[in-house]
Every structure is written in structure tokens, then in C-alpha cells.
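Order of writing sets the labels: A, B, C and D. Residues in every chain begin at 1.
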Amino acid sequence: MIQEECGVIGAYDFDGQDVGIDLYHGLYTLQHRGQESCGIVTNDYVRLYSVKGLGLVNEVFNKDNLPTLKGKIGVGHVRYGAGEDEAIPPIQSRYCKGTMTLAMNGHIYNYEELRSELEQRGAIFQSTSHAEMVMNMIAVARTHSHSVEAAVLEVVKRLKGAYSIVVMSPKKLIAVRDPLGIRPLAVGKRGNRYFIASETAAFSVLHAETLFDVKPGELIKIDETGVNHFTENVGKIKPAHCVFEHVYFARPDSYLDGTNVYEARVGIGRELFKACPAKADIVFGVPSSGLHFALGYAYESGIPYGDGLVKNSYVGRTFIKSTDAVRYEAVHIKLAALRGAIEGKEVVMVDDSIVRGTTCANLVKLVKDGGAKKVHMRIASPPFLYRCKFGTDIPDRSQLLAARMTVEQMRDHIGADSLGFLPIEAFERVGLSPDCYCSACFTGKEPDENI
Amino acid sequence: MIQEECGVIGAYDFDGQDVGIDLYHGLYTLQHRGQESCGIVTNDYVRLYSVKGLGLVNEVFNKDNLPTLKGKIGVGHVRYGAGEDEAIPPIQSRYCKGTMTLAMNGHIYNYEELRSELEQRGAIFQSTSHAEMVMNMIAVARTHSHSVEAAVLEVVKRLKGAYSIVVMSPKKLIAVRDPLGIRPLAVGKRGNRYFIASETAAFSVLHAETLFDVKPGELIKIDETGVNHFTENVGKIKPAHCVFEHVYFARPDSYLDGTNVYEARVGIGRELFKACPAKADIVFGVPSSGLHFALGYAYESGIPYGDGLVKNSYVGRTFIKSTDAVRYEAVHIKLAALRGAIEGKEVVMVDDSIVRGTTCANLVKLVKDGGAKKVHMRIASPPFLYRCKFGTDIPDRSQLLAARMTVEQMRDHIGADSLGFLPIEAFERVGLSPDCYCSACFTGKEPDENI
Amino acid sequence: MIQEECGVIGAYDFDGQDVGIDLYHGLYTLQHRGQESCGIVTNDYVRLYSVKGLGLVNEVFNKDNLPTLKGKIGVGHVRYGAGEDEAIPPIQSRYCKGTMTLAMNGHIYNYEELRSELEQRGAIFQSTSHAEMVMNMIAVARTHSHSVEAAVLEVVKRLKGAYSIVVMSPKKLIAVRDPLGIRPLAVGKRGNRYFIASETAAFSVLHAETLFDVKPGELIKIDETGVNHFTENVGKIKPAHCVFEHVYFARPDSYLDGTNVYEARVGIGRELFKACPAKADIVFGVPSSGLHFALGYAYESGIPYGDGLVKNSYVGRTFIKSTDAVRYEAVHIKLAALRGAIEGKEVVMVDDSIVRGTTCANLVKLVKDGGAKKVHMRIASPPFLYRCKFGTDIPDRSQLLAARMTVEQMRDHIGADSLGFLPIEAFERVGLSPDCYCSACFTGKEPDENI
Amino acid sequence: MIQEECGVIGAYDFDGQDVGIDLYHGLYTLQHRGQESCGIVTNDYVRLYSVKGLGLVNEVFNKDNLPTLKGKIGVGHVRYGAGEDEAIPPIQSRYCKGTMTLAMNGHIYNYEELRSELEQRGAIFQSTSHAEMVMNMIAVARTHSHSVEAAVLEVVKRLKGAYSIVVMSPKKLIAVRDPLGIRPLAVGKRGNRYFIASETAAFSVLHAETLFDVKPGELIKIDETGVNHFTENVGKIKPAHCVFEHVYFARPDSYLDGTNVYEARVGIGRELFKACPAKADIVFGVPSSGLHFALGYAYESGIPYGDGLVKNSYVGRTFIKSTDAVRYEAVHIKLAALRGAIEGKEVVMVDDSIVRGTTCANLVKLVKDGGAKKVHMRIASPPFLYRCKFGTDIPDRSQLLAARMTVEQMRDHIGADSLGFLPIEAFERVGLSPDCYCSACFTGKEPDENI
């Protein structure tokens, strides 16, 4: 199981109504992309209003602080894995043209080089946040650019990596997606109010319709003049959307670059059966990310779908591992075998991926202890072989099980009766073509970034 | 959707090892029975150790306070819906024979009468907690009983209602279940350590085996002499387990009086199709309680099972309802329609029950807005017609939709294309016989309590 | 330096206005009597309203919770040194006649015996609080008394110890002082609003006038019929007010049984000079309790009064003692020598008492390190020789410096150039006559308590 | 009563021992200079360690976080009146030469101009903190300076205002005082450990000796090479120490530029009597800042010194003003008249200053209500006539009582029987010569700043 990414959201209301509550509901919907901290900053043309904190959306916002978020423009952020020295995003600053607020979902891999350049000019950095560095770059670019959007477009040409950035200047809401389109970003609308968000699922809960995906490299500016597209960085290189947004990060009800995540997952499950069939009494997924792959596997195979594991939805960030003589692996508290469903049966268990193999081995043991006669493990992605330079949290090659073992060795290691991975070619068959999706973590083939 | 009940747990280690960590893991597993407060009290023969607080298990316990829970005997509690004046359970007191700690899952409906009797003797009450009243009764009974277990057995004869009580005296762990056996209570064991818990799911995560269900009216005493059964209040009246433990309260991996909850739910789903068939493209449940009924409905009908709704698992107790001009019903944040699965289709949606009908109407609208062509609503229990005197949180008859409308009127009210309820007779066919299960909320026929 | 006692307050408004804010201001003024916890309970004839918490008045009360304290009757408490198992006072309960709320400043030394009696009747105790025990006794007495005040008067006859108790029943505010009058209690009035408080200083800040001190053993009942005196326990034994209220506990602006604390302290300072004169360049007190004795000493001696020590008013309960190689005794952070005032001078330093002698020795060292040529230590009370059975926090005789050493040995021990104590006879000369003041901690002669 | 300033501290240990605990004790001693937030950052050559928070020293630091402050170099800060957008000082950043941590007590009045210059170069600002701006200036200067100390010296030439700055670079502790020497700054030493602090009182509690005051404009650098003085900005203009450090800000046990605060205050009190004599029965000060002036007044006049007001030391930042019908001015809770000392007497009451006159009028009323026959108000400074551009928190001229009224009108306004101010010439007689002290708030004559 690999880790989540951040989520960003922005809103602009042409009728001048407050957007704070909508941003709050939107962040609730993006919460799966980051649980470490969250924040909203709004802007009523006069000043900024800000509520931020460590913790979940329902911990940071409350009925006292939400109404303070006044203003018709606003940006929000849910954060995964922040550096301890960082200000909680969205980051606010003042620069030569007034205020600038920035929320960013992403990773800039030439960060050190770009920061060093700024430092040589006399810049200081109060954190190691990539967002703070991007803000500095925009401020410098703005000293010779005629507008903030021009400055952002100039900066984008220098950044290497994956990112979706939302910037709020005193009168504008600006969003830009990296030229490879690695992270998702889309625009929605309800009445005269426009939204920009990491996932379209946010639009659904806001009763907004999805207008379009921001194109790789495209900049959207929303201000009094309307919704404007800046496409000078678009189309110069092949897109390379992250395939793991479909496999793991995104909500099933989101549409990423036109493809519904649920349908992609069911499709992957079908492909997984075609490539690695099994005979079994029941097929089930590892909650929550494995469930829809399992559905597809069941549809294609005709094996009954069921639940083989019960997830404890209360096991939070602060779960304390036992130091008792009897070892409870965390997995036993989080997931319990559903003996009534699996006892005496051959089962197919589907999970999204294998990283180090530890969790998978624990799950197989759990299910066997729960009475399953045979466990056929099916993985809804190809074996992880390479680290991701775009920031997806995959460990070093030395820690990747698949980089050290054959499939048969892995099967033996996790204790399953059979083990099958999705073949890389299957992605294309469910609409995730190598022409526009990056699968460098499986293949080592990195996309071309020079625009 | 009706509300949850409390959960209790107790542990006794014959080898003298600390039981605090096990109680903590156990409470994690019982968390679904109460999220308002939780607490553990342990006892090492010298003194009591206590950690309690408002909030979830992962909020109250931490790596600093868990190790303070020393001792080989202990009790724990997760609380639903506490009175604001109450001490957080388990309640500790001192009485003529030393300390007494009590955790209680239940409701005593002759509370006012019993309390008044105690007050006439000069007792004071620091809360409206039924548990405090029971403690007072035990202390009074103990002034003329030869043991604490004898005092508890005497008290049980006076209590009217539903309850599972765990009492810790200086050297004993005592548990008693109400004579109707309304709330569940079972005993488990790992090595020389014994557990008593509201649900057997707690034993699984503790790697303990389930030994037996406590019989209706039975008292179990665990002390240096071993595990002792006191059965003088057993078998004098017909048991009347609460059928809603199976339909809603309990975890699917628990076994209640011998019946697995998951299997009962799948069975109910099958019966629901037999009684109220539908033609559809997909069947799905309302997460989380409706899922397993939907599985059974799918199995029996052959209609493909799928997911039609996405649950946001982060919407917690503190969710703030919008006061914005645009109304987002809470249901839209908690549950989103999975358009990719339901668009253009006829669907069967299964939920556990209908109380006032508001939630159900919202769900039907949500699913139709999500593109479903037709919605066949199926309810995995008979219509609610009566209030429960045993404490299950069902509102007054005046607020129960089924008490005011015909099924056809209800269908129209919720906006579904068809509506079907489980017939009352179906319970028997899945093993929940009227001979030992109470279904007074559907039939109005209350069990006989006079022992 | 010995420790503080609790403080209690009550209010009754004949015009029916809310008393919560007044109780809050009153507790601020009594804060010196207890810093561990505080609470206010009010009553509007319909229900009780309560705000309580661990910490100081300014930590527990805030602009959100203060307005919730509705009602024309109320009681408040500041607590010193609570048992960890205790509910925060004022304690609320329900008994046969409705609600009872009790705040108590005091110590019952036959607590064990009285509690045991109640336990034999079947009572339970949720804490070791003496107040909870007193509440139980009142409830039992009420089963055969014709009124709550009659029940309280009956209970008083059984209690041995020092106490001021304020009880709020549904329609009455009742206060009672122990028959020896050890702890202070007085009644004040502003318009149609009456106050009962541990110290009259509370009345001053409330712009109320002091009406009278409650007599030893007297019970005051305030209800619709007015302010009523019950004197059946009054005058049967000699009063024995605690002399340490004047020496240490009380605020200088309070009047205790007719004597102003500031004037008593200045008088004691004068007596101290008469008994133990010294020649010096400056006289100063140890802040804060020694200051007014030093003033008196200066007045009588003609030696200039000054400040020799600076108190850091921010050193709170949570001060962390260094574990560094260099040892900073806490006294160095709390008090610093004022070199500018004492360098090269002979000084008289006045403190209220010597218990173990450690603090005093540290102070002498501090002042000498600060440049004083000679230090004449003067103590504004006789040597402590006996433990106090009425609850004043004086340690066992084995730890009392004066019980083990002569004055000359003590002088040597603390490093002073001379040392003088107040002679016991001096108390009478400042109005604290042995006929009505207890000085058993100095003399061992305990007052007669049998009424 | 005017408001407090910030306090800064630094430490460098040549033996390589941790300085965290010393910085904590030091901040306790500087707490009176700022209560809004505090922080310590230490440095062990490898990385920085930081503990910061809103609140008092005893709220922010605890036994868990103090030991994490490892390292032989460190800086600390207590903050008064921070902007809400500011990071809590000391501020940490990274720049071209590694880390830089800065604590600053002061106010830069050409802030807007300097910041605008930086913004034109592309800098961003995450707060309105003057310290963040100074850090940016240092970083820019460092791009062409050969050392951080050279960069700081260059920056100092551009800053207009009052400040003491402590900077920690990876291997150096640097301190600089503004060229006018408005805010105090001194260096102390204990063994091989050196301290830099706003006030020498901090050295006393650390058992360190005061080595010297940092000269106006001087920069001190402590690193492996020892303690180095950089004096290129020293002596070019006349010093102008703030006279209000003596009158109000500093602790009485501090020595500021060679003068002890206590002695200066006693001296001022003597001068005040000489200039504005009164006949009275008692003289007392308004706690706490007025006490030592009153002592001097008593010494010079021969009128007995006493206490006329009792200060409630528990009235903290969160005191809630009544909204009740009866108005309690905050002053009545904070200060109570000591009737026993003043009733029926003519009194002299001494306070440090009059700003708007409201507090003073309340005090006179309080003392008269407390029984004083006549109140002679004496003010230990000349009338405030001008705003302070160096940041002392004096309101606009329009709000200064003395700017609108004659002394007789002021006397009438505050309700006193006589009113006297310190003549401006008196400062010189107590050692605070206009040659090196600024009294622009009284005279309007601002010091020359052009070096």
C-alpha cells in the first residue's frame, strides 16, 4: 500500500458570495488525499481570512471559525506528509504586487537547484516547502512580467516534477497543471460560481457540474473578465498522467482526464482475471482500495463476490502498537477476517499493489487463520520495480519486494497458494494508454519533460 | 437508521500479567457500539488504575497513559449517548467491602422507582446514570449478602430492562446478563487469560477463542478459584435477544448466541429478494450497514452486486451542516452517488431500516440524481411500528413513518419506484426465531419478564 | 511557608437576577485560597447550571461558558490540593428532596468513622472527598428531618474538624460554620443580593458591604422568607479561630471575625520588633506574605523599610526544576536579591513562618550572595511544634525544624546572623486572644470540641 | 500605564554543553517584557532544535519538550503584541550560507520603505514582522559581504529605529544594539558559558556575572575564536537610551547602562517629593510599578510608607469584563483598596505615568471609596505629550490627557486633591542625563540618528 497525495481546491464566485463553506465541503471530499493538515484562505478584495491547522477537516474547522472565512475567492488544501518546519498550506505571502496565496499538490525534483539560485540572489526560506520556493520564483518573475499569470507561466518552464498549483492574488484565481499532467486538476461550475479541484468528486458533493480537465501545462485564470485559458505550455510534450491515481489515490466517483476511476478499477479487475484466473468459492478485496478490483474479478470470473475482511473504521493516525508479549500486528486491529464468509473456502483476495510485502503476508495469514482453505492473491497492478521521481511515495528499489524476488518467490514469501499481478499491457485495455499515462514505477521508462 | 449501543469488556489474567493493552485493543473492536466516551479501569490487588475520557478510543488513550493501566483484572467501556452529568464509565466507587468498578451496557426501565426507593433510605446520586443506581443497589444488597455475587444476583431480580453488566471487586471479575438476554455477552480465553465482552469480534482481534455466550440471567464470577457459573436466574423465562443486534448494532464478524451476524445478514438479504423480488441491473447496499443484505439479495436474485454509493469515511461527529443558501444535506457529504456504476440503470438499493424516512428519501434522490433510471428500495427489516422499552433508540410512534403510512404511501414519500420490507416471518428462516428473539418494535408483542 | 486552604462563595438575589458573573468575580478574589480547580453551580429554580475545571479561575471560565451560568442562587469554590479521584467541587447530587449542591472549605478528622457508618448502611462513595461524605450524611438526616437546614444542623453535631459549608437546595442557600469557627465565613449584601464568602475581601470587589461574620456553629438560611439565623449550635463551646488565617492564608484587605488582616500583620510586625529588636540599615519582607510584618517592624523600629527581594510573578504551578549540572534552586527563579537595595548593608528579613527551614536557608544565602553584610531573620509567628488536626498543611513533627533544634541551632542552620520568633503572647496584644483563637500548632493545646 | 516590550536572550557554551535549560530560566526572568508568545531555538552544529508557542514561559515549555533543546548555542525570545500573521520568534530561516535564527526586540520605523525595496527585487514576506524583513536584508547583504557579521553591520546602517537583535548562524552567536542604544542589551558569563540578554536580571538568576553593556551600535560575535567586538557603528552619534526602561519596563534588579533600576526609581521618588511635596499620613505606590517611587517619596518626605492597594496576582490575560448591570471596572478586580491602611487618612499615591487618565481616575475613586480622606496623586514621570516613533506603545497625541489639559484640569479630571508630575530636569539628578537618554515623549525633541 503506497501513500496518499495532497489535494487542492479553489473557488471564485461571480456574484460576490462567500465561498468558505463550499471550500470546506470540498476539502471533506478531498480528505483522502491528505490527513496531516488542512487549511482554507479566502479573500474579499479587502483582506485575507484564514483557518488552518494540523489534523483532519473535522478537527480543524468548526462552527466558530468557518463563518470567519469571508470573501468571494478562496483556496483550500489538505496536506499529506508535511515537513515539520513548514507553515500549514495554503501559504500566504505579500510580494511587490500585494498578497499571494498558494496551494500546491506536488513535488518539484529540481528543488535544490532552483532554491540555490534564489538564495544566491539573497532569498531566505522559512521552510523546505516546495510551495514556498515556487512563491519566491513567482515573486521574482513578477518583477519583470506584466501580470501574475505571465509570471506563473514563466516559472512553470523551470519546474521539473509533478504539480497542480492554485494561486490566489488580490483579484484573481489562477490554476496551473504540470506539463506532463501527472497530478489531476479539473474545473467545475454551479451557477455563477466556479471551482478548481484535484478531483471531480468534489464537484459532485458541491452540486456542481464538471466543465473540463485542465490540460497538461495549461493555466486557467478566473477574474472579473471571466474564465481564461493560457495554453502556451500545452501540447509540446506527451502527457504522462500518473496511473496510480486510478489504481490507488483517487476516489472511485472521480473522473480523471475523462476516465471514471470506478470503471477503470472494475475493468482492471476483469483484466486481472483474464491474465491470472483462479478457481475459488469467493472473491473479495482488501478494504477499501481493493474492493472494486475484486468486483471486476468477480464479474469476469463468475465467482461470487463477498466480504472476507471487516475493516475497523476507527483505527486512526494515533493507533498505538502493542508492546505486550503477545504481538498484535496493527493489521489485526484494522482488519479482521470474516470467518462466516471464508471458513473452509478457497478465496481470491485482491489488493492494489505490493510494496515491501509485509502487509500482504500479514493479510494472507489473517485470512488463513480465519479458516480459508486456499488463498489466491491477486494484485491489481504490475510489480513495483522503480522509485518515482515525481513524488509518489514508493521506497528505494532495495526495499521493493518485486525487485528482489521472482513471482514464485514472492508467492512463497507471502504464504499464498497462488499469486498474480496485472500485466502492464492491461492498462491500455481499460483506457489508460501508455501514450498518455506514466508507468515508470513498473517499467523504468520515464516520460520526456523538455518542453 | 437507528443508533448504537454501548460496549463492555472485562479481563482476568491467571498468570498475573497486565491486561490494560488487551482491553484497549478490545475497546477498539467494540468502538462501533459507542463513540461518545470510553474508559478502562484496572486493578492489581493494591489499587485501581484508570484512564477515561470523552471521545474515541484513539483520542482518549495514548502511549503515555496506556502503560499506567497496571493490574491483572480490568474492565472497559465504550459509551453511546451519555447524560451530561455523568461520570465517564466504568464508574468506580468504594463501599463497605472496598472498591467496586462497574461497566454497564443497557437500560433499566424501572429506574425511577428503584432510585426513589434508595433515596428514601438516604442515598445521594451524582448523576442520572443507571449504572450509578445499580451500584447503589449492589452496595445495599451487600450489607446483608454473604458475597458480592450474591448481592448482584439479588439486584438482578429487581431490575427491569436490558443490560450486560461487568463488575470488578478487589479480587473478582463478575459479569451478568439480563434474564431476557437482550444485549449480547460472551466469554473468551487466550492462554490463562479470560475475557468477557459484548461481542465475540473482540476475542478475534485478541487472538482469543470464544468459550461460550453468557446465558440470559446467568452470572459469571472469575477469581482465584476459577471461572464460576451462577444460574439461579437462568431459564425461568423465555429468552428475547434483540433482533436489531443482528440487523444493525453488531459487527459482521461477531457471533451472537451462536449465530454469525454476517451470515444472518446475507440470509436476510436472500429472504428479502424472495419476499420482494425486483428486476434490476445492479444491487447495492447503503454503506456500511446495508452492504451484506445487498450481497444476499444479489446471491439469491442473480442480479450483479456492485457499489452505488461512495462513503466518505472522514465525516465525523463534528461535521458542520451548511447554513449557506445552497442546502447540502449532510447525506451528500457522507455519501456520494457512484455515477459510473448506476448511470442509466435500474438499481436495487438495500438499507437496514426506515425510521422517519428522511434519510431514505435523500438517498433515493441522490441515486436518481446520480443517473439511476429506476430505484427499487428494499429494507432488511419489517416496518418499525413501536417504541422500544429496552432502550434501543427508536423515536415515538408519532415519528415513525410506517406508523402513519401504507407501504405504497411510503414508497411515494421516499420517491422510489418500488419499496419492499422484510416480512417478520423471515427472521425465523435465518435462525432468529421468535422463541428466543424479541421483535416488539415490529409487532408490539413484548416479552414476559417475570422470573 | 505553609499551604493555602480552599475558598467558598454563595449568592442569592431577591430580585431574581443572574448571580453567575458575581460569583466569578468573587472566586477571582478568593483565588489565593486554592489554585487547583474551581467551579460555579447556579440554579434558576428549574435546573442547575455548572462550569467547573482544573486550573485557575482565568483558565476555567471564559466568555463562552460564563453566560451559561443562569439563575438567582449559586455557589462557587476554589480548591486547594484535591484528591485525584474527586469530582471538582461544588459537588452536585440528587437526593430524596431534589438537587443538593455543596461547596466546603475544610477538613473532617473523624471522616473514616463517619464514612464507615454510612457504608454499613449501603452507601457508595465515588471519591475520598469529605464533601461527598457530608452530602451523604445530610441526605440520610433528611429522611427524618423536617427541612434541609434541620438535617444540616443535625449533621454538624457529628462532624469533628474545621469547615465552612455552603449548600444550595432547589430554593435555599444555606451556610454553616464549624462550632469552633476555625475557618472564616461572612455574609455581605449589595442591594437585594446577598453573598456568603470565606473572606470579606470578596465583598469589596463586588461593591457589597459586609453584614456580619457567621458565628461559630451558626447556620444561615437564605430563601424567599429572607435571611434566617439558626443558632442552636452556637455558643456552647469557646471559639478557636485559626490564627494562621491572619498570619498567612487570608488577603490583607479581609476582616476576619472583626479584625483586619493587614492591621493584624502590621501589629505583629511591631510586636516582633519589641520582642526581637535588631539594628539594621533596611528591613524588608519575603514577598508576598512577609511584607506587612516587615512594615510593622519598620514602623516600630524606625529602620527604613525597603524591598530586598524581587518576586517573579510568572513562576507558576508548572515551573520545571533544572536537571542541569548547575543547580538553580527554585527559589532563585522565584525570588531575586535586589542588590541595589541591600549591598553592603545590615538587613532585617521578615517571613511568616519556618517549617522545614530549607526555604529560609535558601533565602538567607540569596540575600548574602546579593551583597548583604548581615542578615537578621525575623519570623512573624512562634516556632511550629505540632501537626494540625484541623487540616492546615503542616508536616509531621519529625520534619518541623523547631521540634528538633534550639533557636540558636536553627539560626546556625539557616545561616542568619540572628534569628527571632514572635512570642506566643504577642497574638493577644494584636487582638488575636487565646480565648477565641487556636494556636495548637505552637502550643499543642487543642480546643475543646464537645458541644 | 504603558505597555511592555519584548525580551531576547542568547547563550554560547565554550565547553559544548547544552544551553536550553539556561535559556528557559533566562526567559522566565525576562517574562515581564512579553507575555504573548515565547520560544527557544538551539543549535548543536548539526541541526536546529526549536520549542515555541503562544502563551507564557510556563505554558509553552514543559518537562517533555525542554530536553529536546540540544546544543551549545541558542537564542530565546519573549514576545509582546505580535501581529496575528507572524511566525512565533525566534524566526528561523535558511539562506545562502545555511541556517539563520533571529530574535529581535524592537521597532524599525522605516520598515515600509525597506520592505518595498526588497519586494522590488522579488522577495516575498510571510508576515509583517520587522524581524522577517531584517532577515531578508541580512541575506541580501550576505550575497556580497564576506561574513554574516559584516552583513549585519551593513544592514544596521539602513535601519531606523530601536532594536536589540540576536542572530544565530551555524557556528556563531551575534548580537547587535541599535546605534542610539534605545533598548538595553548586555553580556554576562558563568564559567565558559556566555550570555547575551535584554536585562542583567537574567544573569543574576543564572548565577552569571554581568560583563558589560553592549555599546550603542556595537556588534558582538561569539564563536570558536572567542568574544569579538565590532565597533565601526559605535560613537558616531549621541546615545539616547529610552528613559522608560527605567520608569516602567525593566526589572528593579536590572542594571541598564550602569544604572540600577531600583536605585533610579527610589531616586525619582525622592525627586518627586522635592518637586511636589505633600502632607499626608501614608504614602503608597500603585502595584507593582509605582512601589519603588513611593519608597523614595517616603524616604525623602518622612511620611510613613505603607500599602494602600492589594493586587490580585491571578488576574491574567483572559480576564472577562462583566457585562452585568452592575459595572465592575477591571481595576476593581485587579486592585482592591486596603481600607485598614488608608481609612480616614490623607494619602499620597504614586504611579509611573498618566496616559489617557482613565486608570488613574479609577484608582483615585477606588482609594476614596476605600476611606481615604484626601488623595495626593504623584506621577513619577513628566506628562506624556508626544507619540514615540521608536515603538513604545504610547497612543496618538489626541488621546494623551496631558496634551489636552493643564495640570489643574487633569487633577480635576482624575478627582485627586492634588496632582504632581516629575519635572523633566529630575532625570538628570538621578543619573539619567539628557546627554544619553531620550525623553522625546515628554519634550518632542528627537535624537539625531544619522551615523
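Rule of thumb we're sticking to: contacts are C-beta pairs under 8 Å (C-beta built on N, C-alpha and C of every residue); 3 or more make two chains touch, one makes a residue touch a chain.
The shown structure was predicted, so the numbers you read here are calculated from the model rather than taken from an experiment.
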| item | value |
| --- | --- |
| Chain pair showing more contacts of the two, B-C and C-D | C-D |
| Greatest separation from subunit D - chain, by CA centre | B |
| For subunit B paired with subunit C, centre-to-centre distance based on mean C-alpha positions, whole Å | 50 |
| Intercentroid distance (Cα basis), subunit D paired with subunit C, Å | 36 |
| Pairs of chains in contact (touch as defined earlier), listed by label | A-B, A-D, B-C, C-D |
| Residues of subunit C that touch subunit D when the two form their complex | 17-18, 21-22, 24-25, 28-29, 31-32, 35, 56-59, 61-63, 66, 190, 201, 204-207, 251-253, 260-263, 266, 288, 291-292, 295, 298-299, 304-307, 310, 312-320, 322-326, 328, 332-333, 336-341 |
| Subunit B-facing residues of subunit C, complex | 85, 87, 91-96, 100, 116, 119-126, 128, 132, 135-136, 139-143 |
